Amino acid sequence: MTVRVETQPFDIGAETNAFAAACDGAGAIVTFTGIVRDVSGGLIAMEIEHYPGMTERALTAIRDEAVTRWSLGGALIIHRYGRLAPGEQIMMVATAAPHRADAFAAAEFLMDFLKSRAPFWKKEITAVGATWVDSKRSDEDALQRWQGADSSKG
Amino acid sequence: MTVRVETQPFDIGAETNAFAAACDGAGAIVTFTGIVRDVSGGLIAMEIEHYPGMTERALTAIRDEAVTRWSLGGALIIHRYGRLAPGEQIMMVATAAPHRADAFAAAEFLMDFLKSRAPFWKKEITAVGATWVDSKRSDEDALQRWQGADSSKG
Amino acid sequence: MIDVVYFAWVRERIGLPRERVETSATSVAGLIEELTAREDRYAAAFADLSALRVALDQELGSFDSSLAGVREVAFFPPMTGG
Amino acid sequence: MIDVVYFAWVRERIGLPRERVETSATSVAGLIEELTAREDRYAAAFADLSALRVALDQELGSFDSSLAGVREVAFFPPMTGG
């Protein structure tokens, strides 16, 4: 049940193995990894700013909510900040549950809340300048599916 | 775009890293790992039988269908057979896509089809005997959500 | 002549994984009838068709499927992969 | 006295990450009015409130939220984590 906010790169494979080893008895493990994409071909770096203090608080609240909604054997959130190169991992979540439906639902829930409710902001640095990444309407919409179902078991 | 059917254990972390490295340009990677669970407390081993030839054919067809439905940067299926101890990995799938919704949907699709359409059969060996695992109605039902949406992009 | 293969408890009930069968059946259902008439262990394996699945040359089929041109028929319970 | 913190383009537009503000405002909206009246850079940052989010003592709030007992107010654009 770990939440980490850090600057240094992490090893997806090593984190996945450590998570799986810690989740003794789980039948299903889902991981999601987000990677810096060079969509337009000129990306030099992505700078991620966050709100120290609030970030840890928000991630912990999101993780606790997921653990309450589904019977999870484990939940992990790692999110980096600072300057990242294209191809580097931005963040990962992992969930463990007895059954696959819960592990998948919890991982998607964590991602949807991370995207729009955790205080991170991304800036894309290219040769021609820097641009703050706009929030996506689709990310805000994705939160709707978790509303009004606080007591549902996925 | 790999499909592997094999007896030996695999390293989830190493497979995840190799998959991520091969999926250059992907923004989102989802992995699912299934692990032998000792539900009732007396499990000695799980024996997995499969249909050589048909298995590879079925997994490849399922993988190809996922690649057609979603714009995937990569898709991996590994499934073991033979005798497995509790806590060992049974199988894993991994998907890579530009966006998380596609990576999640494709991974769930692969799992739903693997569960009920790939020719594997599980037998649980306990101190009191051996029992073939029954197929679950919920697994068959899970397939329904993918019907009639062959041309949809998730 | 057709290859007939069995998996999981179907294999255990019939007592062998594979056999070559001389048959005049034209459909899967016809083949099942012939096998069932042979011996009790076949009758036991095919007693409840709703618990069985069939593949023809390694593609899922149905009990109505024709055997024309088919080299291998497989019988097994619902699959439990993943 | 209240700590006011800014992130992302709000921070860039206002030109500082954090300041202590002497305010008589009782709500977030009141504080924004006071800041907007100060200088153009504040007016620019707060021109479109629909593009802004607010947190009170590190919990998301709204522009209607009361400042009673609040030690830290943060202004930032919609979050783009993950």
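Order as written gives the chain letters A, B, C and D; numbering starts at 1 within each chain.
In this section, a residue touches a chain if its C-beta (ideal position, glycine included) is under 8 Å from a C-beta of that chain, and two chains touch if they have at least 3 such contacts.
The model shown is predicted, which means the values in this text are computed figures rather than measured ones.
Novice: Which chains sit in contact with both members of the pair chain B and chain D?
Specialist: A
Novice: By CA centroid distance, what chain is farthest from chain A?
Specialist: C
Novice: As a quick test, compute the distance in whole Å between the mean CA positions of chain B and chain C.
Specialist: 26
Novice: Can you check how far apart chain C and chain D are, centre to centre, with Cα atoms defining each centre and the answer in Å?
Specialist: 72
Novice: In angstrom, rounded to a whole number, how far apart do the mean CA points of chain A and chain C lie?
Specialist: Centre-to-centre distance between chain A and chain C: 48 Å.
Novice: Can you list the chain A residues in contact with two or more other chains?
Specialist: Each of 34, 100, 111 in chain A touches at least two other chains.
Novice: Quick check: what residues of chain D touch more than one other chain, meaning two or more?
Specialist: 82
Novice: Among the chains present, which pairs are found to touch?
Specialist: Those chain pairs satisfying the definition are A-B, A-D, B-C.
Novice: Inside the complex, what are the residues of chain B that reach chain C?
Specialist: The touching residues are 34, 49-51, 53-54, 57, 79, 90-91, 111, 114-123, 132-135, 139-140.
Novice: In the complex formed with chain B, which residues of chain C make contact?
Specialist: By the definition above, chain C touches chain B via 5, 7-9, 55, 58-60, 74, 76-82.
Novice: Provide the residue numbers of chain A that touch chain B in the complex, in ascending order.
Specialist: By the definition above, chain A touches chain B via 11-17, 20, 24-38, 87, 98, 100-101, 103-104, 107-108, 111, 142.
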